[in-house]
Structures are given as structure tokens and as C-alpha cells.
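Next, two complexes with subunit A in common: one pairs it with subunit B, the other with subunit C.
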Partner chain A sequence: MKFDNIIIGGGLSGLTCGIKLAEQGKKCAIVSSGQSAIHFFSGSFDLLGKANGEEVTNPLESMKSLPENHPYKRVGLDKIERLTNDALHLLVRSGLNLNGQADRNHYTLTPMGVMKPTWLTLSDFTSFDQKDSFPWKKAVILNFSGFLDFHTLFIKDGLKKFDVHAQIKTVSMKQFDAIRKNPSEMRSTNIAKEFDKENAIEEFAQKANVLSDGFDVVILPAVFGLFNKTIADKLKEKIEKPVLLLPAIPPSVPGIRTQITLRERFQELGGTYLLGDNVEEGVFENGRLLEIRTNNHGDIKFEADQFILASGSFYSKGIVATHDKLYEPIFGLDIDGDSNREKWFDEKIFNDQAFMHYGVKTDQKFRALMNGEPVENLYVAGSVLGGANPLKEGSGAGISLLTSLHAAEQILK
Partner chain B sequence: MNKNRSKEYDVIIIGGGATGAGTARDCAMRGLSVLLVERHDFATGATGRNHGLLHSGARYAVTDHESAAECIEENMILRKIANHCIEENNGLFLTLPEDDIAFQSQFVDACSSAGISTEIIDPKLALRMEPSANPDIIGAVKVPDGSVDPFRLTMSNALDAKLKGADILTQHEVVDILKDQDRVNGVELFDHEKKEKAKYYGKIVCNAAGIWGHNIARFAGVNINMFPAKGSLLIFGHRVNKMVLNRCRKPANADILVPGDTICLIGTTSERIPIEEIDNMYVSKDDVDVLIREGVKLSPSLATTRILRAYAGVRPLVAADDDPSGRSISRGIVLMDHKERDGLEGFITITGGKLMTYRLMAEEATDLICKKLDVDKKCETANIPLPGSEKSDETLNNVSQKVYSINGITQKSAKDRHGSLAHKIAQGDENEDSMVCECEGVSIGEVKYAINELHVNNLIDLRRRTRVGMGTCQGELCACRAAGLLCESMEEPGKAKDDLANFLQERWKGMSPIAWGETINEIQFTSWIYEGIYGLKPDNN
Partner chain C sequence: MKKEIFEPYNVSDNNFEQCVKCTICTVYCPVLEVNPDYPGPKQSGPDGERMRLKDPEFYDEALKLCLNCKRCEVACPSGVKIGDIIQSARIKYSKSKPKLRDMILANTDIVGTMASTFAPIVNTAVALKPVRKVMDSVLKIDHHRMFPKYTGLRFETWYRRYAEKKQQEFKKHVSYFHGCYVNYNFPQQGKDLIKVMNAAGYGVHLLEKEKCCGVALISNGLIKQATKQAKHNVEAFKKSIVDKKMPVISTSSTCIFTIRDEYPHLLGVKNEEIRNDSELATRFLFRLIDEGKLNLVFKKNYKKRIAYHTPCHMEKLGWSIYSTSLLKMIPGVELVQLESQCCGIAGTYGFKKENYQTSQEVGKPLFDQIENSKVDFVATDCETCKWQIEMSTSSKVQHPISILAEAIDVESTMKLWQK
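And now, the complex of A and B:
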């Protein structure tokens, strides 16, 4: 099978890259091994939340202080602002409703009740302008009886800092009787599936309206709209008070919906999405990747002019660690990271962990290095790139979106 | 001030390990008024940091006849009194091609003279009995080894002591031993929860603090010549072996693989460390490499089995008084009457020994305490089962069938963990049956039972009682769920957030020495959830 471009990895960067290329008329395939980091999406795309230990207000400005090997710096700060606009528009064209801007972070409330700076937030969630004030005085936090993945007391405790009087109430719904019978089934996606059917939303809204009498805002777990893209809006219409959704323990319902939305966009543009397949090996010749072979397709080869590796970090298995080495498991590309495992970790879990910075080595054009030499037509994008600790910086989504757009532009040149 | 100040106990026991808890039980059973104090939580020292091996004694048969004989005797007693803490797995002593097969007959003879039953098994048959064993073995001997859960064992002793009237203070650290001239008459404690000091008085103070007993003795002004020996172990994420696997040779590094609950353990190394380091146990890269290399010889599949954690404990070895260099160290039980030894009345130390002999150590210590208090009562701990292990008219199965109607996994797990006490776990309504920890099958009901009845101060304690967070995810999802429940009972959410952060740090300590493969993936994911999405910080208050 022959494509113009083949993308390895179906997460945020793989999909972004695929959509961009497909929008420009390229015949693309994405090979995705399964779930991606979008499945534990908080509801916001971060660009840069922290730099040099300080909280960032203007990400575009603060990027200047990042180290030279940071992916943003390597893309080129002159291009970043344009790419942030492109990313936003690409996501909006795909059908996501987002709020936020690249030159000024806004804040979202975490499930610990802490305000966190971010770039783009799904319209399901509430964006705040200020980190030290909360627009409501009296909040009711509603949870479903038997749902353990939403921590109301932590939220209540966090809201104390804003002088908010919060009360926790529980809602019982007969629609959940069946899933509550099995003790491991009362999880966010199963609740969302019930609400997707639309017959539970009316009753829930009525209950919420009764329970929120006398309060200014209703706080709920973000378990609305898995496949049904309108249910979160319907809920907000039916509840008389403002609704503030907060993330629950993954899997993230808005995250899965986002993944589906982007995948559908890619497929509508004619892209081929191979789900549950793994790239096993590649055939190289004269510094070029000619073709790849996948697990599901046996001896059927996939050829392309350019390939993009967007296989993610450790948890996505884009990079693998053993007791004596780090490696890139598909092609054996060069790794930017220490081979001595004693150097990977800090003994304090909340400190900056060295392994978080590790990734595949590339040249200036983001082409993968193999034995020190660039592979002419293999680009690298997203969190499989090294050079940043996206967790500490609050830059994970930004790096994924911008490096994949950058890779797409290299290919489209 | 504290209401207990004016009360004088018959005995104050220092140390919430198996020995301390066992001594508290024994003393309480003999009618003494008892205070048990522990600076952290039950089983946080050497008790909770070993193989969890129910020794048959075979390991010591050739080199230490006395220890071997003690072990097999206590082994048989524990099967009776602590059945719910024990898995009767049996063990094999394997001879590898690199080992001397001649050792086998010497080993079998030594076992039989210590009273340990052995059976020489044809290697082919041994491999059928235990398919995970190294296929190259040239000899195998079956012995009555088993597995014991030291957390459960210690907790059962503490619970029983409490049922019989003992007072128990965890999170209370001894900061001084109180004396009146040549007589010890109490302890000064620092309460880590309330951050305040208080004095407690007793006729006898029993030092059962393991290696930390070195410092306790110093408070009393006496010197015990202790030599800390660090032993490191690895926990694997699956239970690859059904029987305990040992090397049939003189005891050496990393030659025992013990199955327990859902996992198996390889250990140990042995290394003398300075006394200053006993609170700072870390497992080095070399320790890990030795454990894997030797472990794979026992069971080759360990090479590809995920490692969950690495940890180390400190054996409290005591040198004879006339041997300050520690050259001829005993691994046996050491009971010191400081009246006889140092002219200090009211103070005794029970140390040395092994988890296997905790009950015997408790018996010997209690005998001495009774003698000093002039109490004439016989020890009954070898005959009366621990709570959770009692025989009843109904089989355990029937009890649990009755109390649980819905869920198989949590039902079985809870029964395994709490024995006949499982009926105390609330159930029946779906809220109580909901699963907190999916790896280990822990329900809300079980967590609540532990919080209400088993002295749980924080998430790390909860883990020791219920196995929350001990499975393959190492607390990735369940920690937050359990923190939520703990938070409800404490009504101090700020503290619960710190507790959650501490719990993740404690899990990380054991993961970082072996954090490659799935573990590095898991920790990255966990960090994204807690730090990335939740915004948890190391210090939330």
C-alpha cells in the first residue's frame, strides 16, 4: 500500500499532523496502537504554564527564556505565534469549541481546588481570568452515589482559599443501578454512556436544580458527552445555575470525545486510520525510510514519501527503558538520554525527573537520527521528542500540537 | 495533660513490630495492664521488610541447629494460631549444576536432626510440582516452608492485645526513658499527630524496638552492642512460583524466592551498615543487579517478569557482651534483663531472633516480665488462635458466603486478608461493595473497616492493612480513591492531600531503584494524573 505520508501514533500530535496534511490533499495513514494520552486529558491544552519555576502569564513571551534545545526553541520562536493560531484553527475546524489565547494564559480549577494556568480550554469547562478569585460565593458540589473517582472534599478544601462556602451533596440515579452492581464498573465512561442516551439528563437536571437551591454555582464531575457531542451543552441549558465541570480520575470523558472528534475529522478528509495496529519494523535505504510493516497487516508493506514518528513518551511506549538501556522500539533511533539508569530519577517524586526530558534525537529539521545520521524522510513530533519536561512546564499539548504542525510544514514545503 | 499520665501500667512495650505486638498480646493474656507504643505504624521496621517466609528452619539446618529447631517448632504453632496469615505452600531446596550435590545429603541429615521433615524429589517430578523452577536443576528436596503475611500477623497480635485490654499508641515515638535512680519507671513520648510530648509510667519497660532498640537502650543509659545488617529484596508483579524456592547450599545472597498473595519476592542481600543509616534504607543498583542475577537462577522466568518494588530491612544483630567487634554474632534470640546486666531495674530488652520466632521471643520476654512482677501465669499464646484465625462451627467459607452476596473478587480478597474477621466488613449495599483498588480487590467496606477498627492514621497504614496500592499500578488510581475515603473519616482534607503526596513519595521510594519497563511508564502516567491534572504538590497545606 502506498501513501503520501504515514504517521506512527494516533494521539494528539499524530492526529494534528494527519489532519494538517490531509487538509492539504495528502493521502495519509495513521497507525495507532490504541489509547493515547488524550484519554487522560484535563480538558485544557497547555502551551507553557511554568518557566524557570515561575508561573507564566504570557507563554509567547516566556518562551524566550527556555533552553536552546527545547522543542519550542528548535521550531523557532519566530514561527511559534503563527503555529499557535494554526493549531487553534485546525482544532476548531475539526469541531472542538475552545477558549483561550497564546499570549495570555487563563486558569482552570483542578480537582484539588487549585487554579492552574493554561492555553486553550474546551467549552465544557470554565475558564477563569484570575488565579486568586472565584466568581461565586456559594457552591454546591454534586457527586453520584457510589462514584469514587471525583473527590469532592478536596475541591471543597481548595475552595476555602477563595472564601467560598461549599457544600457536598450526593445524587442517586436509578439509571446507574446496573453499573453500580459491579464494583469496578462505576467509572466515568460508564456514567457518560448512560447520559449519552439522553433519557437520564432531564431527571438529573431536575435533581440538580432542587439540590442547588440557594447556591450560586453547581460543581459536577466531567462525565458528560462521550459519543454524544451535545449533551454537555444540554445539561448546562437545563440546570438553572452556572455549571462548573471538573475532571474526574481518568479515563477522561471529554478527552475521549476529543480523540474521537479529531479522528473523525481525519477520516472525513480521506485519511486512513489503522487502530490497534503496531509498526513492527522499517526498511531503510540510503538514509531514507522506504516502507514499514505492521503487526496486523503481515507481509503487506506500507510505503510513503514521508513518515512521521509521533509515538509518544514512555507510557505510550514511544521510548522503552530496560535495566541497562533506553531505546526507540520501532526503528532503533538515537535517544537523547542517559544510558545509566541511576541518572534517570530523582529520589523525590515531585522533583524534576531526568527521564521526563528524554526522547528521540533529531536534527534541526526534526528528522530522526539513526546512528548519528538523519533519516531524510522521517520526522519526529510530539512527546517522543526530548528536550523538555512537559509536566513541570505545563507544555505537553503545546509541544504536541506545534511540533506536529511544524513537521507537516516541512513535508508540505 | 494526658489522662494516662497518672496511670501506672504493669508494662510498657516499645515497638510495634511482630515482637512488640506479640509481647503485648502475651502480657495482656496473662492479665497485665499493657501499653504498646510505636513511633510510626505496626510492622514498619524489620517485621514488614523481609521475605514473609514461613521458615521450615531448613535454611539454618546445616549452619545453626538451634535456630532450625526453633523455626520448625514455631512454624507448626503459627499454622495453628495464625492460619489466616499463612499460606501452606511448602518449599523446595534446589541444587543447580553449579552447586555441590553432596551438600544435599548433609542438608537432609541436618534437617532430620532438627525435626524438619524432608523428602528428596526427583528433579523431573520437582519440575512438574513447580514448573517455574530452573529446568537445569540436578536435585530437589521438599520441606514444610510457607508464606506468612507479616502485616496481618502483627495486626492480629495487636488487635488481640487490644481486645484483652491493652492500650496502643501508634505515631508515638519514645524520646526518653524515665528513671528514678536505678529504676526505669516510664517513657516520654512524642505524639507525631498532635506534635506534643507526654509521659507514661510503667513498672516494667520492655524494649522490643528491633534495631532501633540500640537507641532506646541509650536513653536508659545502657549500651547494647548492635550491628545493623541490611537486607534488600525485590517484589515481582506476578506470582511466578507456587512453592517457596531455595538454593540447596549454605545461606548466601538472593537465594530464596517466596510466593505471597499476588506477588513473589526474591531476597536477600546482607550488608553491614553503620547504625546512623538505619532510618535511611535505600536499595542500590548493585543490590538490584545481584538479586535479579541470582533470582533468575532459581526461576528463569523472573528475567522477564515485571518488578514492582525494591525495599530493604535491617536485621537487629547483637554481639555478645565480650565481643565488641561483633565477630561472633548470634542470630538467635537475645533477652536482656538490665537489672542483671547493668544494675538497672524495670528495664528489659528482647531482640535478635527472626520474624518466625516472634512468638517465642514474646513468650520469653513475658516470662521475664511476669517473674519480675511476681505474676504466676502460664503462656498460652501457642494454643489460642489469633483473631481472624479462630475455628468456628461454620467454615470460613460459609461465613463469607453469608456476609457477601455480590462480589467474588472483593469477597475472596477480604477473606484472605482478614480471615474470620471478614464478617465485620460492611456489605450488602452497593456503595460498600464498590471497588477502591482494582489490582488487589479492595472494597469501600474493607477500607472503612480498616479505618474504623485497625488503627489507620494515613494511606500508608491503610496499605499495610488492606493491600491498597500494593498491586501492579502501585497506587496510580486507588490512592486517590482511598484518600477520598480517609478524608471523609478525618474531615481534614488539607491533611489528606499531604497524606496522598506522602503516599506517592513512599511508593516512589520502592519503585525508583527498579523503574524501567512498565514501571517507568506507570510512574510517568501517575505523575501526569496527580501533578498534571490534579495539581497535587508535595506540600499542600
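And now, the complex of A and C:
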């Protein structure tokens, strides 16, 4: 089966790359081994939250201090600003409503009750200009009876630091009796599915209005709008006080909606999205990847002019570590990482872990290296690239978005 | 660098250890959404498995509510065979005995043979309201359900009488696993397959003796019988594939999925020798076209707007792309790809009175999509999806092969390879 471009990995990188290429008329396929990490999305895309241990206010400015092998530096700081605009526009064209700008971080309140700097935030959530003040004095935190994935005490404690008086209240509704019968299934996506049906929102808003009497703001878990894309807005219309949604424990309701929105955009552009399939190997000739073989399709191989590896880091098995080695499991590409296991990690778990910086080795054009030589038509994007610690930097989404756009541009040149 | 093969280290026979508890599977379970009595794929699968290994008493009979749609497996980012873990647990631990009703529904072969022998009587009888009421109250087969009509002339009999001889005229040959539905209910689909394959230059042959793939036996807990039939079928496939070098094709996505994957995973029946050459006709044809070995010529006057529904087992196989690619090749076809959702019937599951409501609620989003799609008809590769959609929407359903049979210009297609 022949495509112009095949992307391995259906997460944020793979979808961004696929959308960009498909928008330019390329016939693309994405092979995804299962649902992606967007299911754990907090609602904000980070660009750069911390550099050299310091909190960042202007990510574009602070990028200058990053090490030379950091993906942003390797893309080129002269291109980054334009790519951040391109990324935002691509996401908006896909149907996501986002707030934020690349030269000035805004803040969101985390479920731990602290303010965290970020780049783009879904309109479900509230963006704050200041990290050390909270615009309301009295907050009511509403939770659903029996819902264990929203930790209200953390939020209440966090808000104390802003001199906010917060009170926790719970809501019971018969619409949730059925899912409550099974404690392991009283989770955010199942609550969201009830709201999706639109027969719970009215009653819930009425209760919220009663319970928020005397408070300035209503804090709720983000369980609104899984497949139904309008329900979160309806909720905010019906509740009289300002509503502040906070992420609950994943799978994330706005995250899944984001994944679906991007996947639908890709498919509407004519893209083929193959879910639940694994790429098993590639056929190489003269430094080019000719075709790939997948588990589901066996002898019917997929050919393409260019391939993009966006298979994720350790968690998604884009790279694998065993007791004695690191490797890239699909093609056996070169890994940028220490061969000595002793150097992989620091025993102090909160320190900057070396393994977080490991990834597939690439040349200047982000083409994968195999036995020291670049594969002419295999580009690498997203967290399978090494050179950064997204956890420490708050840079994961930015690296995924910008390196995918960069890879797509190499292909479109 | 030498390529390393990633092989997860598992202590158990299945791979429940690979579950990282992300709960993504629960988002995509069609049953959980409508029936809270079902514990959900994570709890029923990897979580429950750990408990059951400690003590089989932890087995929960509610696992029978699983549709075996495998959508949890398609969604799982860690490759856990959640559906297989659940079905294996049912096989290993369930103490509930199949009821008479379950045996009737599961034995599609025996019931089909009897019913098609007395087809006019049976068809009239099971369509009568009083009979359906009795089946509902005595057998617990839901009265809303209409049984598919039985044919008076079974496909196998028709084939021997009218088609077999002509198949020798071709240079290339395949075997056809027609399945129970084509044999007892809808021989036309088999006739369409022969028409298309003949046009493509292939003679079509039956297996020495095919038996029901056994999917309904497995889901109704009749494991011994399912295993026996599986072994029989693997031998029959071997005679075609290994001895005669004739691949086996089918028009039923569930039959072929069961033979390829459920035989080894659930029944422990080995099928390595036949697996790669057992596939769907749409995939077989696509490969020929993709490799430049076949060209199909289509009639100019065939114009239809068609919606394609991806059956669950087709989603698991990942093969709907072959059917949709073939349909897109027909110049007059405007194809609407429906969002892949379970129709709710799951073979015999939806026929059972206790499951009727769940079945219809599961299917509702799909039915709504179909009603809103304004198409001439729906195309799908699964016979039970076809029944469910025809029973639950205003739309008719056709198999992609039947659509090809109607749209292909047979003579012009044959001329291309006869030259």
C-alpha cells in the first residue's frame, strides 16, 4: 500500500505532523499502537516552564540558555517563534480553542493547588496572568459523591496560600447512581458520558448554583465534554458564578476530546489512521527506508516516500531499556544515551534523571541515524528525540508540536 | 547496532503484567457505558486476573456481559490482550452451565441444517408473533429479534449443483470458507463471491468439509465442542493451504478473526501453518490490485452513496481499509466512513432477552450516525452487524463483495487477464 508519508505514532507529534502534511495535500497514514498520551493531557500545552532551575516568564527568551543539543536549539531559535504561531494556528484550525502566547507564559491552577506556568491552555480551563494572586476570595470546591479521582483537600490547602477561603461540598445525583454501584468505574470519563447525554447538566447547574451561594467562584473537576463538544460551554452558561475547572486523575476528559478532535481533523483531510497496530520492521535499501511491515497487515507492506518516527519515549516504548541495554525497538536506530547502566539514573528521584534525556540519534535535519549513517527519508519528531527533560523543563508539548512541524517542513521543502 | 526484539517479561500465561493501570480501555468499552453491572475491561481483565490467580473464587459471573468486541485491546497503549484475558477467564472459571437457549443459538451448524431443510415452515413460524412470544418467555430469546430467514437451497448444495464444475476452467484457485450465514441464510453472498473471484480469474472451491468457526460456541461456553470444531477446521484448511497450495478466503470478518486469532489464543488450537493464508476476500483482492496483478473494470452506470460500518472484529484485525479501498475504487461510489462504534449485537449476545436492552443502547450512537448519513445503504463485512443494523435502522446493508459483484463489469474484467 503506497502513501506519500507514513507516521509511526498517533500522539501529539504524530497527529500534528500528519495534519500539517495532509493540509499540504500529502497522502498520509498514521500507525498507532494504541490510544496516545493525549489521554493524560492536563489541558495546557507547555513550551518552556523552567530553564536552569528558574521559572520562565518568556519562553522564547529563555530558550537561548538551553544546551546546544536541546531540540529547540537544534530546530533553530530563528525558526521557533514562527513555528509556535504555526502550531497554534494548526490546533485552532483543527477545532481546539486555546489561549496563550509563546513570548509570555500564563499560569494555570493545578489539582495540587499551585500555579504553574504554561503556553497554551484549552478554553475549558482558566488562564491567570499572575502566579502569586488568585482573583477570588471565597471558593466552593464541588465534587461528586463517590468520585475519588478529584483530591479536593490538596486544592483547599493550596488556595490557603492565596488567602482564599475554600469550602468542599459534594453533589449527589441519581444520574450517577448507576456508575457509583461499581466504585472502580466512578471515574471522570464515565461521569462525562452521563453529562454528554445532556440530561444531567441542568440539574447539576441548579445544585451548583444553590451550593455556591455566598462564594465568588465554583471549582469543579474537568469532567465535562467527552464526545459532546458543547457541554463544557453550556455548563459555564448555566452556572451563575465563575467556573474554574481543574484536571482530575486521568484518563482526562478534555484530553480525550482533544485526541478525537485532532484525529478527526487528520481523517477529514484524507489521512488514514490505523489504531491498534504495531510496526514490526522496515525494509532499507541504500540508506533509505522503503517500506514497513506491521502486525495487522503482515505481507501487505506500507510504502512511503518519507517516514516520520514519532513513537514516544520510554513510556510508549519508543525507546526501551532492559537491565543492560537501551534500544529503539522498531528499526534498531542509534540511541543517544549512556551504555553504562550506572549512569542512567540518579538515586535521588527528584533530581534531573539522565535517562530522561535519552532518545534516538539524528543528524542536523532530524533524520534518524542507523549505524552512524542518516536514513535519508526517516525523520524523528517528539519525545523519542533526546536532548531534553520535559518533566523538569515543562517542555514536552512544545517539543512534540515544534519538532513535528519542523520535520513536516523538511519533507515539504 | 543489531536490532533488538522487544519481548516483555511475563510470569503469567497471558500478558496482564503489561497493564500500567492507565484505564484507557474503560473509555472505549461499549458495554460499561450502558450497563453498570459489567465491571469494565480493566477490572474484568488484568486487575481481576491477578485476584483470580490467587483464588478462583474471585471470578465474577458478570464477565459474561463482555461482548468480546476487543475494542479494549485496540485502545490499549501497552498491548495487553484484555479481551482474551476476560474470555479465557470465562472458559477457565465460569460455573454457569449453558442453557438450552444458548445451545440452540450457539449451534449454528446443526440448527441451520435442520432449519434450512424445513425452511418455509421455519421461516413462517419464527416470524409469527405468538411463536416469538413463546420463544421469549420459554427460551428467553428476545421477541424483538427477527431471525434471519433460512434458505431452502443451502449454498453448499447450490455450489455442487450449479457452480462446482465451472471452477475447473480457471488457472488459479482459492478455497472459500463460506460460514453458516452464507450456507443456511444468505447463499447470494457466496454466489457474489464466486462471481467476483471468477471475474478476477480465480476458481472457487469449498473446503473438504467446513464446520462452523465456533465463535458462538465459545461465547456460550461450549468450549469442548468449539475446540473439536476448531481442530477439524484447521485440518481442513491445511488440506487446502499446505497440500493444494490454495489460500482460504472468507466473507465473514468474525469467522476469519476467530480462526486466525481466537483458535490459538482462547482454545489453544495451533494454526501457524494456515494463519497467513486464511483471510478475507477483500484483503485477497486488494493485494492482487496493489501488486498490479489484477485490474477491475467497473460498470459506468453504478452510482451509490454508501456508508461503511467497521465491525468490532474488523477494527481488531485492522482490515477495514481493504474493504473501503475496494469500494473507493468504484467510480460511482461516494463513500461515507462511519465512526467506528459497536452495533451491539455481538453475535448471539443481542438475541438473549437479558441483553436486548444493553445491545440496543450500545448500538444507538451507530444507528444515529446511519440515520443521519443519508446514504443509499450501509456496507459492512459482518453478518450479525448486518442483522442488527437492518433491525434497528431504516437502512439496508450489503457486503462489500456483493457491492463489487454488482458494480464490476465481469466480461471486461475477464478480458484483461484472458489476453
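Note that in this section the second predicted complex is superposed on the first by the 413 of 413 C-alpha atoms of A that agree within 3 Å, B and C clash if a C-alpha of one lies under 4 Å from a C-alpha of the other, contacts with A are read in each partner's own complex, and residues count from 1 in each chain.
Here is the rule we go by: a residue touches a chain if its C-beta (ideal position, glycine included) is under 8 Å from a C-beta of that chain, and two chains touch if they have at least 3 such contacts.
Keep in mind the model is a prediction, meaning the values are calculated, not measured.
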item: First (subunit B), second (subunit C), both or neither touched by A:267; value: second
item: Which superposed partner A:34 touches (first subunit B, second subunit C, both, neither); value: second
item: Touching partner for A:77 - first (subunit B), second (subunit C), both, neither; value: neither
item: Touched partner set for A:347, first subunit B, second subunit C, both or neither; value: first
item: Which superposed partner A:251 touches (first subunit B, second subunit C, both, neither); value: second
item: Touching partner for A:278 - first (subunit B), second (subunit C), both, neither; value: second
item: Which of subunit B and subunit C A:184 touches, first, second, both or neither; value: both
item: First, second, both or neither for A:334, with subunit B first and subunit C second; value: second
item: First (subunit B), second (subunit C), both or neither touched by A:112; value: first
item: Overlap of the subunit B and subunit C footprints on subunit A, listed as residue numbers; value: 37, 40, 181-182, 184, 250, 317, 320
item: Complex interface listing, subunit C residues touching subunit A; value: 1-6, 22-24, 26-28, 32-33, 36-37, 39-40, 42-43, 47, 73-79, 276, 283, 286-287, 290, 315-319, 321, 325, 337
item: Subunit B-touching residues of subunit A, taken from the complex the two chains share; value: 37, 40, 42, 110-112, 114, 116, 145-146, 148-149, 151-154, 156-157, 177, 180-184, 186, 247, 249-250, 313-315, 317, 320-323, 341-342, 344-345, 347-350, 353, 355-356, 391, 396
item: Contacting residues of subunit B [partner subunit A, same complex]; value: 282, 285, 288-289, 292, 406-407, 409-410, 430-431, 433-436, 438, 443-444, 477, 480-481, 483-485, 487-488, 493-494, 496-497, 501, 504-505, 507-509, 512, 514-517, 520-525, 527-529, 531-538, 540
item: Parts of subunit A lying in touch with subunit C, wherever the complex brings them together; value: 1-2, 33-37, 39-40, 178-179, 181-182, 184-185, 187, 189-190, 193, 226, 250-251, 256, 267, 272, 274-278, 281, 294, 296-300, 316-317, 320, 325, 327, 329, 331-335, 370-371
